[in-house]
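These are the structures, in structure tokens.
Shared chain: chain A. Partners: chain B in the first complex, chain C in the second.
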Partner chain A sequence: MTQTLPPAPAPPTETTLLVEDLVVDVLTEHGWATVVDGVSFRVARGETLGIVGESGSGKSVTCLSIAGLMPPRQTRVRATTLRVLEHDLTALSPKQMDDIRGPRIAMIFQEPMTSLNPAFTVGDQIAEVLRRHEGLSRRAARERAIALLDRVGVPSPQRRYRQYPFEFSGGMRQRVMIAIALACRPDVIIADEPTTALDVTVQAQILELLRELQREHGMSVIFITHDLGVVADVCDRVLVMYAGQIVEGAPIVELFEQPGHPYMEGLLAAMPRMDQPAGELASIPGHPPRVGAMPDGCRFHPRCRYAEDRCTGAGSPELVRLGPTHTTRCLRHPELTLRGTP
Partner chain B sequence: MSERASPSAGTASEPVAKPEPAGALLEVRDLVVSFPGRRRPFRAAPPPLRAVDGVGFDLHEGETLGLVGESGCGKSTTARGVMRLVEPAAGSVKLRGRELLGLPAAQLRAARRDVQMVFQDPYSSLDPSMLIRESIGEPLDVHLKLGRRDRAERVGELLRRVGLPPEYMMRYPHEFSGGQRQRLTIARAIAADPKILVLDEAVSALDVSTQNQVIGLLEELSAAIGLTYLFIAHDLSVVRHISDRVAVMYLGQIVEHGDATRVFDAPAHPYTEALLSAVPVPSPRVQRSRERIVLAGDPPDPSRVPPGCRFHTRCPYVMDLCRTEVPQPTRAQGSGEVACHLHTSGPTLAGASVRSLGATRRQRVPA
Partner chain C sequence: MLKFFAMRLLTTVPVLVLVTFVAFGLVLLIPGDPAVTIAGPDATVEQVAAVRERLGLDRPVVVQYWDWVTGALSGDLGTSLFTSRPVATSIGDGLPVTMALAGTALLISLLIAVPTAILSALRRGTWLDRVATVGSSLGIALPSFWLGLVFVLIFSLGLGWLPATGYVAIEEDPAAWLAHIVLPALTLGIAGAAESTRQLRGSIIGVLQQDYIRTARAKGLRARMVIGKHVMKNASVPLVTVLGLQITALLGGAVLVEQVFGVPGLGQVAINAVTTRDLPVIQGVVLVAVLVAVVCNLLVDLAYGYLNPKVRPR
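Right, the complex of A and B next:
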């Protein structure tokens, strides 16, 4: 493993995270079940990659597995490649993984109240990260932590440093979480539904903050959400997950205007629009399949309005290219013209 | 803020027997719900916290009124106050002209048959140890006193009505998905033939496709049995879709109300404008070219309500007057009312949309 970065590729195309054929099994009452099935993607420096899907689609498990945060005894994680910059994550011990989380890859979760320790002051929790990873002295860590609180928009950071999580509002707690994630200037930030629990005006503040910080630090962001409005707002490129698989991947505008998979078409038609008068609200019939009871063939076929006989048998369809940067997992894609949203 | 009901309020299926009450099905006036403030040792007892502070609205037969606002604005407490699940401190709630506040328990129970509630979390609102037949049958026992066979038949009919097979009555809640459970709680809510359903974030916990199925069911029911909805939600896109009229709450008060189209397309209150601009639109081209107003700070603590206009601490158009004088409701152009000084002084919008002021008049308020 060398310390020098490959010199050739220009910064915008440098891959910070590379995932190839990630498979995650979890232990259920009925034995092992595959919840993430062959997920592959790469994220470029400075890019925001969205991962969307309904609950249970495997989007959170994908990211927790990359960060090595799935409970070890009830989970099996396998991948051909799992690489953050030059670090091969599949070869790391849990202890070595601790050194990667923080400086290389950091996470922001949905519920900042449960992610912060209620028994320690907010300041101590930020300073701890700095002391652990950067070996800063108590005083230096404190100064950096206060500067970070200030940067993420927590008013009177000196005073707030000494306060406990319960003294913070939801939005302010999420700012603290962002400060912790940012503390060691990670290359990749994974944000798992970071604004879902927040009110819209606070969500707007947090999204704005993340955008600014990304511009400043040039980090890669993986943004997991079920809200297509948030995706449209912040993401450069999007992966759509369904029943543990990526069913479509595309640059943001293309995905919305020319979706390549019937599931994405269905999701778009199902989104009520606040900026338009009420029309018919479509819905995708049925439910996503249960873990351990995946349908044969295309996993979406029982709910797909375009399904034919060939969609129902002989294994799941492959992810195929629709264009240089657009992929779909649909057998019928050459003949279908799917409706996007303007 | 209140609006006098128009005489044309009632629609098709008015009961003939009773003399028709002039006005709305439900009339709420000056509703106040307060909670004791948090006591601290060795300090004087704090004044009560007024979570709902003078809310009024009319609910007309067959319509859907959306009540929106951010967490802590008092929208759920308003609903609970109307239902008397918390006892309001003051105000009036009239159902077909009959005052509900102060009604003794037995009479209240009878009156409440007409107003039922559906909550956000279908996992905690069905008793896991009761068969669906019992859960849905319970309101029938309380309100209708049916015989055993009629009761089972009625439960089956209710299940069919919400799109589930009648056989499901012999199952337990854990056997159902979130969307199905919400159908079950709706079946229970309509069991005793209410006139009004109060839906408190009833679709918020569901995934988008399931959510739309439940919204579709609600629309079907209102058309089929003439239900009236008070629809409380924080998701403005859903509210726009389902509501005829909308009321926007901020810090315990309604700051603006009117027809949904008017409120969403021509917001008259700066808070409504900011709230709408904060909702991301699921279209990258539209969303990235929209003007957005990012409000500074969090909503103020309801135990320390700012003087004057409650929104003045975060308002991008704040004037000196706003810091001292409480704005009174005035007519909004098109429909409804708005409580904001911009309409009577300063630029004197006189009910026009605040959007007509443009970005130049907006100032960034420090947090």
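Right, the complex of A and C next:
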């Protein structure tokens, strides 16, 4: 066996991120409570995976846990598998995780106004990533940072490099955040509601920029949002989260045309129409369960118009397949015909 | 930044003028005939006349002020009534000693406060944090002269590690200087250390919860960088405010500590001058002390400008 084999051709859909059975507990006043419960998914190279769900459903916690960014002493993160390319994240020390964040996983957050450090220039905050991970000199990092600012559409990047965050508008700051995330050409970018805080026109520009960059670099993107309109716009596939669990997963067209879970049907029904101003989804009657007080059976049953006796008992239902790429966590799915949007 | 510096420097000019009024005005505050008061209760008529003559108290106040200010500008603060030494010489002897003492005290207090505050903020709620919190409450509550005496008892009389009193100039023998200055500086700095620890711990805890710290960690920066760069630059802003207040307190405290440890600083000069009613020396000491405070506050403002880009003019 001394012969060297030619490198195996990459499979057509290389998995960049694989998550299996992620469970996250957080410390609350009443003790430990599970806020993410058995989340599993994979993301392929070049794919955009959307995660939707009401506030508090565990979208951010899922992503922060994958990136190792939950506060260690108030959280417990467990998973059967957490894998980015060949890196097994469950086996890495905090220091080794520092090497993953940046070049492998990068993040963009919701709050562009507070996510940049007010005490340092914008340029410094981009350049320091390059210096940290690619060992660039001050000068080389500066040049790359200016090129990045230019790429993400910040005008006169030479001058802007030396300015502070307070001299930038919200949209421009979010472009800077994107430049930071993009700096080391990560395999996976997690964007946690990157446009929620921006007004509609700026939002459209930022989405377009993200789409372009993804095409250019072939990154995987996880896109968290409240806004189903945005999901339809940018995502290939979507996970629907409710009360810490994935309740449905499907390719975008299938999900919108034939939702497999009553919760998703409710979200679609609550979606603002073309002729109405965009808003947040809120009009499913009732409230999601509080952390640490999950209902028995299906967690959605107290709000579900199709709920029956069997939905209320003995453990939450399993996630089952509706088709090759479509899953749902509903006991009644074979008998229900749920309404989507054309 | 340069423009900021120049602007700030300009605004100190009126303050300086005011300072000269205050220092000089001391003579006007003396009730009755200043010459009689200064010469003392047992003075003869000739002695009182001599004092009046020496101080020029018989001339109009404006002329006296002008003479004093122009003299001060050229480094002449008059001569002591008691020792006949030039006031500038006495101050020149005492000031460097007091500055060294206050500077070392500040350094020691920061060397204690910064690591303690960082550890205690990062390990919030652990025994280490509790020890630091109790320690800083004690440090603030205990009077410094008492601490000084305790230190002397332990480190000089008990263990014999350090001299109890006296002072050696740094240019004479650096090792001996250090040995002599450690206890007084520690005594002087401990209250400030405690206060800075408490302030800094609180602001670090606040900054750690900011979104931009999460961003810094999301970039994969090492913990050392996240804390040392991103946390500390923001958390230092309130610390600088506290330090600005402490510097003035430090100068006042130095008077006391110099007495306890027999350090020949400006405090000693001041106390001698007050007990002997040596007016020119008192005026000189007040002028210099206020000048030092003004310069320190200028430095504090510059530190603000560095730490917080928003306050810089553009």
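As a convention for this text, the second predicted complex is superposed on the first by the 321 of 342 C-alpha atoms of A that agree within 3 Å, B and C clash if a C-alpha of one lies under 4 Å from a C-alpha of the other, contacts with A are read in each partner's own complex, and residues count from 1 in each chain.
The criterion applied here is as follows: a residue touches a chain if its C-beta (ideal position, glycine included) is under 8 Å from a C-beta of that chain, and two chains touch if they have at least 3 such contacts.
None of these values were measured; they are calculated from a predicted model.
Trainee: Report clash or fit for the pair chain B and chain C bound to chain A in the combined superposed model.
Mentor: They fit side by side.
Trainee: For the combined three-chain view, what is the angle at the C-alpha centre of chain A formed with the C-alpha centres of chain B and chain C, to the nearest 10°?
Mentor: Taking the centre of chain A as apex, the angle works out to 80 degrees.
Trainee: In this superposed model, does chain C or chain B come into contact with more residues of chain A?
Mentor: Touching more of chain A: B.
Trainee: Considering only touches as defined above, state whether A:232 meets chain B (first), chain C (second), both or neither.
Mentor: Only chain B is touched by A:232; chain C is not.
Trainee: Let me test your reading of the model: by the given contact rule, A:325 touches which partner, first (chain B), second (chain C), both or neither?
Mentor: Neither partner.
Trainee: For A:156, is the partner it touches chain B (first), chain C (second), both, or none of the two (neither)?
Mentor: neither
Trainee: So, does A:67 touch the first partner chain B, the second partner chain C, both, or neither?
Mentor: The second partner, chain C, only.
Trainee: With the two complexes superposed on chain A, say which partner A:98 touches: chain B (first), chain C (second), both, or neither.
Mentor: second
Trainee: A:283 contacts which: chain B (first), chain C (second), both, neither?
Mentor: So A:283 only meets chain B here.
Trainee: Pick one for A:90: touches chain B only (first), chain C only (second), both, or neither.
Mentor: neither
Trainee: Where does A:129 make contact in the superposed view: on chain B (first), on chain C (second), on both, or on neither?
Mentor: Only chain C; A:129 stays clear of chain B.
Trainee: Quick one: minimum Cα-Cα distance, chain B versus chain C, in the superposed arrangement, integer Å.
Mentor: Comparing every C-alpha of chain B with every C-alpha of chain C, the smallest gap is 7 Å.
Trainee: Touching chain B in one complex and chain C in the other: list those residues of chain A.
Mentor: none
Trainee: Any idea which chain A residues touch chain C in the complex?
Mentor: Per the stated touch rule, the residues are 67, 69, 94-95, 97-103, 106-107, 109, 111, 114-121, 128-129, 132-133, 164, 166, 177, 180.
Trainee: For chain A, which residues are in contact with chain B within the complex?
Mentor: 54-55, 153, 155, 169-172, 199-205, 207-208, 226-233, 252-253, 256-257, 266-268, 270-275, 277-278, 281-284, 287, 341-342
Trainee: If you look only at chain C, which of its residues touch chain A in the complex?
Mentor: Of all residues in chain C, those touching chain A are 210-212, 214-223, 225, 229-230, 233-234, 307-310.
Trainee: Which part of chain B faces chain A closely enough to touch in the complex?
Mentor: Of all residues in chain B, those touching chain A are 70-71, 177, 179, 207-213, 215-216, 234, 236-238, 240-242, 260-261, 264, 274-288, 292, 294-295, 298-299, 367.
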